[in-house]
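A, B, C and D are the chain letters, set down in written order, and residue numbers restart from 1 in every chain.
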């Protein structure tokens, strides 16, 4: 029973207490020691997240090492990973201001990052040809609105067909904001509902705990 | 100094071509870039996060804020998952993250999202546009009702709500597309600078030859 | 019939290849297509143009590596515009990486300046560098600059900088230009400069963020906005200062026309196929 | 010093009302009185997609994009996605589909790994769970290339794209569609929901992401909480309609928002 308490109940209680503390602090003026605790807790979260990333890299490295030792298909690529990791982390751990470390970041990491981000343009273009068809009226509405707004936004669009600008602006300011407003209101309620389910200990999947049906917790 | 910058642009151009090769489908060039990127990014994440912990926890502990020892303990608790029987220990840092995070999300969403959007919708109904705004917001809000069956009056409300949602999605789609082209252009501008362009062409040429040989000899799978 | 089916199943790699060629072409050989200037950009330009000679403006440089190709040229044009008008500039950044790009924008603008325009560091412009702490630091900066800044980007103590002599808080500035990149930080400027001090503010952001700020413009809290590469190109266009953004805007045009064509073609083929089937 | 922070009183009142409504419905469900709920189509689709993957002998992937647990606005949809993951993973374990979950953040990785392992154990197939391969940590950013390359080489047949989605939405959906995968997509981010709706075979929008997990859990108190959320929607609708009518009549009530 006490094992259940430590492994299961206390984490859930802890979640609830911390969450309610955050909410109360926002609505009621609090004496300084309590606000200080909350600020400290939030910085704990950032520290734990940073530690989580380090843990992730360690696990990823173990996975690559295992791949190499088992000679799984494509194991030689893992060597590239290891070399990259060892060089950059060795440089970076000496100092994050190390010039070679920053050079690698600016000239290798960042360009690949931008290039990968920009892949979206290619996939959007091929999606335009493949899925953007007026199959039914739902798809047609989406298609027409996207077409008009996009035409408004490219510099030459307004020259080809001037009315797209007022139409596009109107779509953007009225029906579109109205649509998103309803969605945002819904999402906000979804977050509140989620919070209540988590804080009452009903939803506990994120703790890796299997759900137990209709059982008081 | 200048040489380092030029070298940087050339290397940047080479790795970008490696990244763009993924457009062809899985191939050795993109695999090499993938693992290289994962490695250097992993090293970067390792170093910067270690630096962050150092600055925000260890330095503070040295400065007398002993409460931060707790943050270190919580962080170490995450690492217990490397041993299977100890996995439950990592629930504590998870409880901290989720508890605090959800609390922060919940407390803010009521005012900024829920009330903020309602406030913006309270408009005098003296123009078609304001009326559309009200109808749109009300019907899309109603679109998400879970306790109403899809029939009767609600069916029409639901359909109207869906229409507004689709318009919103279309507008957001068009909006995002134009931004995406700017990203490629930004990268291409750097790759096609006069002093780098020759190298870029050479890299493209090499990659094309390697891949063409690979595909023709069936050493690399061509996905269609 | 099978022809249309084949066209509909066109290999995506051909689409990608054409996109590459279409985007690279205008960068290598600038072709100027006509362009319509957006209202937001025109308002922002007119606002910048109305600042009287001799006053001091504050520029926040929030542009980083990923956003510099789009928004950087606009910031360069802004700095050029101010210096040629005889307006003094104080720059700062709220991100560490961004301060480097801010300085790069200043250097680029200085190189472009026509001879005879005074542009001395510390007299006509100053870069205060990186101020950590997000919005709370911006608030502190607006109330008392010296509480958060002691040295500029180059390490000169700010009390030794002539331009900073009478500049103590937000009231010293005639205007604020917030080149926010993709930081999403324009509201900081609105809340901390426009709200409490009434200093007019205009800004720039990436294209996808424009809708987030349109409410501020219609409320008059933001005097104008340059969105993405198009905004930068329009600044260059209005200022008659040809630069990299114009070429990029033309490339966007090509990419955009390609997208529109593909959507239209896809639909035509799709309907032809459906008609053939029925 | 006032009792409530200025400008937040109405927020507090609304929050208390919504939370009480949710709790009330949950209590009622606890004693057996269940509210009537419309069935979300997405509920049946999950097993269908997994089943298809098993039939074709090709893997099913569960992608979550942004899982930064230190950002509240990302954390909420991520926690919702975790609940759905618990169901999908059990379904995959039971039917025997090859399952893969890439995660880009350490704490989230810890959680996802626990969930999936627990699911395999619950279905009595712990040997099918690969501690290094089923759930995998990939550095944020580098995951794009890994996922694209492997999507092609493994020829996935099903993909779930749930959580807080950003630009990766279009990258993954378009590639998954090209390799012939059936997709279920859903997010609460307004900028990228259009791609999921346009490209995915099935999509869930905004709040439905939060609701889906509650539907899928076998726990009636959770699904009952959705009825409480509906009360919030009614409050919103009433406030908007009433406010607009009063504004038309020249009565300005916007000041109540700043109490």
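The rule is short, and it goes like this: a residue touches a chain if its C-beta (ideal position, glycine included) is under 8 Å from a C-beta of that chain, and two chains touch if they have at least 3 such contacts.
What you see is a predicted model, and the numbers here were worked out from it, not measured in a lab.
Enquirer: In the chain contact graph, what is the shortest path length, in steps, from subunit A to subunit C?
Expert: So the least number of steps between the two chains is 1.
Enquirer: Give me the chains shared as neighbours by subunit A and subunit B.
Expert: Touches both subunit A and subunit B: C, D.
Enquirer: Relative to subunit B, which chain's C-alpha centre is the most remote?
Expert: Most distant chain from subunit B: C.
Enquirer: Looking at contacts between chains, which pair has the highest count of C-beta pairs?
Expert: A-B
Enquirer: If you average the CA atoms of subunit C and of subunit D, how far apart do the two points sit, in angstrom?
Expert: Comparing mean C-alpha positions, subunit D is 35 Å from subunit C.
Enquirer: Taking each chain's centre as the mean of its CA atoms, how far is subunit B from subunit D in angstrom?
Expert: That pair's centroid distance is 16 Å.
Enquirer: Indicate the whole-number Å distance between the mean C-alpha point of subunit A and the mean C-alpha point of subunit D.
Expert: Once rounded, the distance between the two centres reads 12 Å.
Enquirer: Counting in whole Å, what is the centre-to-centre distance of subunit B and subunit C, each centre being its mean C-alpha position?
Expert: Averaging C-alpha atoms per chain gives centres 22 Å apart.
Enquirer: Among the residues of subunit A, pick out those that touch two or more other chains and give their numbers.
Expert: In subunit A, the residues touching two or more other chains are 23, 26-27, 45-46, 48-49, 51-57, 59-60, 106, 110, 113-114, 116-117, 119-122, 124, 126, 128, 130, 132, 142-143, 146-147, 150-151, 153-154, 172-173, 180, 183-187, 189, 191-192, 194-195, 198, 206-208.
Enquirer: Could you say which residues in subunit C touch two or more other chains, in rising order?
Expert: Residue numbers touching two or more other chains: 12, 16, 19, 66, 207-208, 211, 230, 252, 255-256, 259.
Enquirer: Where in subunit D do residues touch two or more other chains at once?
Expert: As it turns out, subunit D has residues touching two or more other chains at 8, 11-12, 15, 18, 69-70, 76, 79, 106-107, 110-111, 113-114, 138-139, 141, 145, 148, 178, 190-191, 193-195, 197-198, 205-207, 211, 226, 229, 232-233, 236.
Enquirer: How about subunit B: which of its residues touch subunit A in the complex?
Expert: 4, 7-9, 11-13, 15-16, 18-20, 22-23, 31-53, 56-57, 67-68, 70-72, 74-76, 78-79, 81-82, 87-88, 91-110, 113-114, 117-118, 120-121, 129, 132-144, 161-178, 180-181, 183-184, 186-187, 190
Enquirer: Could you please specify the touching residues of subunit B with respect to subunit D in the complex?
Expert: For this pair, the touching residues of subunit B are 19, 22, 25-26, 30-31, 33-34, 37-38, 41-42, 45, 78, 81, 84, 87, 90, 93-94, 97-98, 101-102, 104-108, 110-111, 114-115, 118-119, 121-126, 130, 134, 137-138, 141-142, 144-150, 165-166, 168-170, 172-173, 176, 221, 223.
Enquirer: Residues of subunit B touching subunit C in their complex?
Expert: Touching subunit C: residues 23-24, 120, 175-179, 181-190, 192, 197, 224 of subunit B.
Enquirer: Contact residues on subunit A for subunit D in the complex?
Expert: 23, 26-29, 45-46, 48-49, 51-57, 59-60, 62-63, 66, 113, 116-117, 119-120, 123-124, 126-127, 130-132, 139, 142, 146, 180, 183-187, 189-198, 200, 202-203, 205-211, 213-214
Enquirer: Could you please specify the touching residues of subunit A with respect to subunit C in the complex?
Expert: For subunit A paired with subunit C, touching residues are 106, 110, 113-114, 117, 121-122, 124-126, 128-130, 132-135, 143, 147, 150-151, 153-159, 162, 165, 172-173.
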